[in-house]
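Input: one structure, supplied below.
Letters A, B, C and D mark the chains in the order given here, with residues in each chain numbered from 1 onward.
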Amino acid sequence: MAMVCLSDFEDYAKKYLPKIAWDYFAAGADDCTTRDENILAYKRIRFRPRMLRDVSVMDIRTEILGSEISFPVGIAPTGFHQLAWPDGEKSTARAARAMNTCYIASTYSTCTLEEISAAAPGGVRWFQLYIHRNRAASQQLVQRAEALGFQGLVLTADLPYTGKRRDDVRNGFRLPPHMKVKNLERAFEVCKMSPPDHSLLWHVPHERKTTGLDPSVTWNDIYWLQSLTRLPIIIKGILTREDAELAVKHGVQGIIVSNHGGRQLDEGPATIDALVEVVEAVRGRVEVYVDGGIRKGSDVLKALALGAKCVFIGRPALWGLAYKGEEGLQDVLRILQDEFRLSMALAGCASVSEIGQHLVQFSRL
Amino acid sequence: MAMVCLSDFEDYAKKYLPKIAWDYFAAGADDCTTRDENILAYKRIRFRPRMLRDVSVMDIRTEILGSEISFPVGIAPTGFHQLAWPDGEKSTARAARAMNTCYIASTYSTCTLEEISAAAPGGVRWFQLYIHRNRAASQQLVQRAEALGFQGLVLTADLPYTGKRRDDVRNGFRLPPHMKVKNLERAFEVCKMSPPDHSLLWHVPHERKTTGLDPSVTWNDIYWLQSLTRLPIIIKGILTREDAELAVKHGVQGIIVSNHGGRQLDEGPATIDALVEVVEAVRGRVEVYVDGGIRKGSDVLKALALGAKCVFIGRPALWGLAYKGEEGLQDVLRILQDEFRLSMALAGCASVSEIGQHLVQFSRL
Amino acid sequence: MAMVCLSDFEDYAKKYLPKIAWDYFAAGADDCTTRDENILAYKRIRFRPRMLRDVSVMDIRTEILGSEISFPVGIAPTGFHQLAWPDGEKSTARAARAMNTCYIASTYSTCTLEEISAAAPGGVRWFQLYIHRNRAASQQLVQRAEALGFQGLVLTADLPYTGKRRDDVRNGFRLPPHMKVKNLERAFEVCKMSPPDHSLLWHVPHERKTTGLDPSVTWNDIYWLQSLTRLPIIIKGILTREDAELAVKHGVQGIIVSNHGGRQLDEGPATIDALVEVVEAVRGRVEVYVDGGIRKGSDVLKALALGAKCVFIGRPALWGLAYKGEEGLQDVLRILQDEFRLSMALAGCASVSEIGQHLVQFSRL
Amino acid sequence: MAMVCLSDFEDYAKKYLPKIAWDYFAAGADDCTTRDENILAYKRIRFRPRMLRDVSVMDIRTEILGSEISFPVGIAPTGFHQLAWPDGEKSTARAARAMNTCYIASTYSTCTLEEISAAAPGGVRWFQLYIHRNRAASQQLVQRAEALGFQGLVLTADLPYTGKRRDDVRNGFRLPPHMKVKNLERAFEVCKMSPPDHSLLWHVPHERKTTGLDPSVTWNDIYWLQSLTRLPIIIKGILTREDAELAVKHGVQGIIVSNHGGRQLDEGPATIDALVEVVEAVRGRVEVYVDGGIRKGSDVLKALALGAKCVFIGRPALWGLAYKGEEGLQDVLRILQDEFRLSMALAGCASVSEIGQHLVQFSRL
């Protein structure tokens, strides 16, 4: 079977992953409306391609927070990569570095930050944080990440409680016994406190047992994070102009427009629709990124045309891992890169700086 | 089979109820367009969730007409609960009280008001009235309900004649011989008049036989009801701003925006769409509620964001009864409660008072 | 099988009619988009029903051009009723009279006008005319109709050539040898001219053989018709405000908004959409009717709310004939009548005069 | 099987062509959204037909760049006609001449321009050019076309690189060994340079091997072409008002609004939608044509109503060739001609000059 486009990797993963793992990665909250809308919303955007421009020399590089990456597609934070490939996040880190792009490692990694760093020294890497009720554990994680050379701290804002993903409940999803949420284990160990039961992490109704995450986090905790680290702070999960304004006001360096892949509040906006609102509110004061629903190079072009500095892929990265680990993820990134370059050329842009809102319009449909 | 969301109960009921009962509960008028639109219309409303608010302590209680209920979901009036579960409305009353919410008992109950009261003393309960040609029978019912401690009188305004529900006609729907519309039987007995043939109640074309209901009822009859009882009057079945204005003018205490589950005039508005118009007209002068199409906790959140004080569920309550009687209905209510609380938290609201129109927008689709 | 709604008759006809006859009646032009849109467009109109009006006494009668009919639904002109039932148009005439409504007999009847008149003396009846190249034959038809007591002359304006109905071409549709287009045969006989080959009438591409119809007819021919007869002239096939204005200016007494059941130009407007434009242009100066897509009593209510004085049904009448001849057509009309009366009552109207545009709104979908 | 409409030819071709050839002709870029939108967009346009106009004498002729053609439908440039029929482009040329319409021969023909000319002397014919990195080869082609009596030069502007057509990649599409891109072979021979590997032309990812086409072409190259030839220049592939304005400014004689049949940048506008924008910008200064999605005579009428002087068909011409070569293509053209004439008549237009924007409106759907 030829791997021609990202849905080929999706088909492969659906066929070869254990059902419980596939379901976990594929899950959306409730009716999965928002998960699917993330993709459908891209279809409602039409290009206005320009002709007869010199596109013989294409430059698709960009910079995020000062780091050059080979093209504006990074790896979004997702948990439990060992469910997709034995080497887990180590493979992810290697693939991202090989393709010279940014990888955001999740708090819920099945490898430690140290293992991730060692696997691919020198890569562009950010660390994604959930704030725990046990603040000492979170502080420990932030400071470890900074010490290991991670270049950004991504605070996830949309998970005070875990969304209701019906298939995970039906499956009684839990990590297999040989996998661990290693970062948290060490963090709690260092703090000499007992951690929550991570094996149960995702399938418990939010009130009966606890994930250990702190649902009382507010904007003031941005100041607390700033007091812990000199890393730039990127806030992930913003969907409205009001929150974008608050993010800027609280001094973050970047915003990731995200609805957690449609896994948290169902029936919120598609991220590409929310991007427009956020970009308008931010007025260039901080960098804005987007994740959710990216399946083709032309989706990347649309996101950039609407003001994103870079996009991040979640599930497609996991499909790539499931296919062939590091090599499979490189395949996914390479296909996106080729498609993005071709889309740019066919739209009449030879470099990322030529991409602008004039390239797109919203369809009446 | 795990009961994870309301559609699991629907699947169960469809499988285990007698076809004639399932069809009766599921029926919509004519092409069932409005019945289905009630659900689809919720899908066209998108949340605008807010992040980083302290949602560690959640308060989902509310009040309706001065009575506190545990969360803003009550049981809409529906007929013939013995078709779903042997104990019929007694089970419904017990489940509602156990969950500390409001139950609107129907004129067409298969238990008497006295049995319902005795089954769950102290519960928040309203009585739903159809006005009969025989006004003495209706008066008797109203006064019995008041004497039994029902706290509200719900006048159904949208059934001068019964809507055309094709499946009921095809099935020749009638109550099994061992079930009775007990309230009416007693009311007519007390009045020493012969009641209409209730066993035929629902399947007869509206002109050939009669349901006994009075199609000449007008707004002036609100004054008549007010002369009979000191109970607050809630009018059910309002869909336009004009009628909302008239309701307020005639001194009702509440309005239930309803299209009778799509069982009366097909191709009227979805109730969640009509709610917007009614709330705008009412301008807070009376409480506004809505029923029809509620299938998830997030639907409740949307209705409240658009101005409803509380929602009522019809068919889902019957599915719960069909599953396990009182216990099954509690399961349904508990799932809705958990989902509602989670939706609120993920949208950034810690209490019902924080819910407002800013949380939603209508999708372009 | 219970005959509960009009689609039951459709299913019956599809099952029991010869395929070639079913295909002929069902045919739409080209992709059948307009045929289907006629129905879909009704779905996009939503009622705004009013409550608590006295609907105990319902009056659904109306008048068209001064004749009272029992409810605002007549029989549209369609050809070849013997394809549906052996007695053909004689049965149609009897059913229409029995139900006290108007029947528009087609030029392409398989019974003569004389037979139709004799079958149901005293019925409200109009005659539908196509103008032939042989004007003498057309004149003869008009004058026969007037002499026989037909009360209106309906000029079809949308068939200078026959639309392309793919199934008829594939089937090589032609009338069976024992059926004749009797009116035309006699008309040409009287004129001592040889008629076109009616057996081939409908399946020939428009340029190779001719239907005998005159594609040079213009508005001036209205004056010619007025010189031939004192019957009121109703023009059928108008879809734009410009043509509605011309119709009024040329002195017609009525307009039937029609797209010939979607059998002529595909991808014109649905008739219920065009009705709005025509009614606006006419400003009450002449009566406006509509045909196409009426399948339920509530469709009739919508058409009246948007300004139609009466609607006409085409295919549903043929399904009724196919079911049981005169009796089957009465069943169809009775169902529509019951549904229309019920819809009116549920919308809060006790008589046709209370129906108005305030009852409907166009859905956003 | 009767060939009644164009989709009958499509069905035939799909059934009888080798899969690799069918896939190549049918292919769209990426998700094929734009390919399919080209067709769907026509469905969203509704006619406003006018009645009672004299349409007894129909004149459907038009002129493009001064040449009269029998009706406003020409043959768009498509490659590799021998994949559809052994005689390839010679059959196409003969059919176009027989029907007295215009044929645009592609650079990627499998017959030489000389063979095409000789097959149908005297036909209205334009030559479609891709500009090669090897400018001498392109110059040679242009001058050969002019010398052979081609009357127009069509510059394709939307293919700096080949779009990603997934099926071609999966199939490893290449020309069978016995077919050649003959024009290019000769052009490169004359220039004494080695040509690119045409057998591999279409299936290679754009960066690894090259088609030989020049991605540095800009508007200035229009001046270069004007210096080579006195033929009128038509630019093909324009989709925006900005590029339409540039085309006029650079002195082209015509614009073909085209998205290359949806084979280049996916998710650009449907051509019929882009036509409106381009016609508005051009304001009659040059002729505007459109291709893509034409499947019925009424589509032609819509395009003309929206300002196109003529339309061109791509895939339908190939289906005609696949059916019966020259004869099959004539069948396709004749059906379109009959349908176009009938649509005009039913819309009330007796000649092409009566077609205007008043005939159409965009549907709300």
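We adopt the following convention: a residue touches a chain if its C-beta (ideal position, glycine included) is under 8 Å from a C-beta of that chain, and two chains touch if they have at least 3 such contacts.
All figures in this text were calculated on a predicted structure; none of them were measured in a lab.
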Using mean Cα positions as chain centres, tell me which chain lies farthest from subunit D. B
Which angle of rotation, from 0 to 180°, maps the CA atoms of subunit C onto the equivalent atoms of subunit D, to the nearest 5? 90
Between copies subunit A and subunit B, are the contact residues mostly the same numbers or mostly different, with half as the line? different
Please compute the C-alpha centroid of subunit A, do the same for subunit D, then give the distance between them in whole Å. 43
Within subunit A, the set of residues that touch 2 or more other chains is none
Mind listing the subunit B positions that touch subunit A in their complex? 2, 4-5, 43, 45-56, 296, 298, 338-339, 341-343, 345-347, 361
Which bits of subunit A are touching subunit B when the two form their complex? 30-31, 33, 157-158, 160-161, 163-164, 166, 169-170, 205-207, 214-219, 221, 235, 237-240, 242-243, 246, 264-269
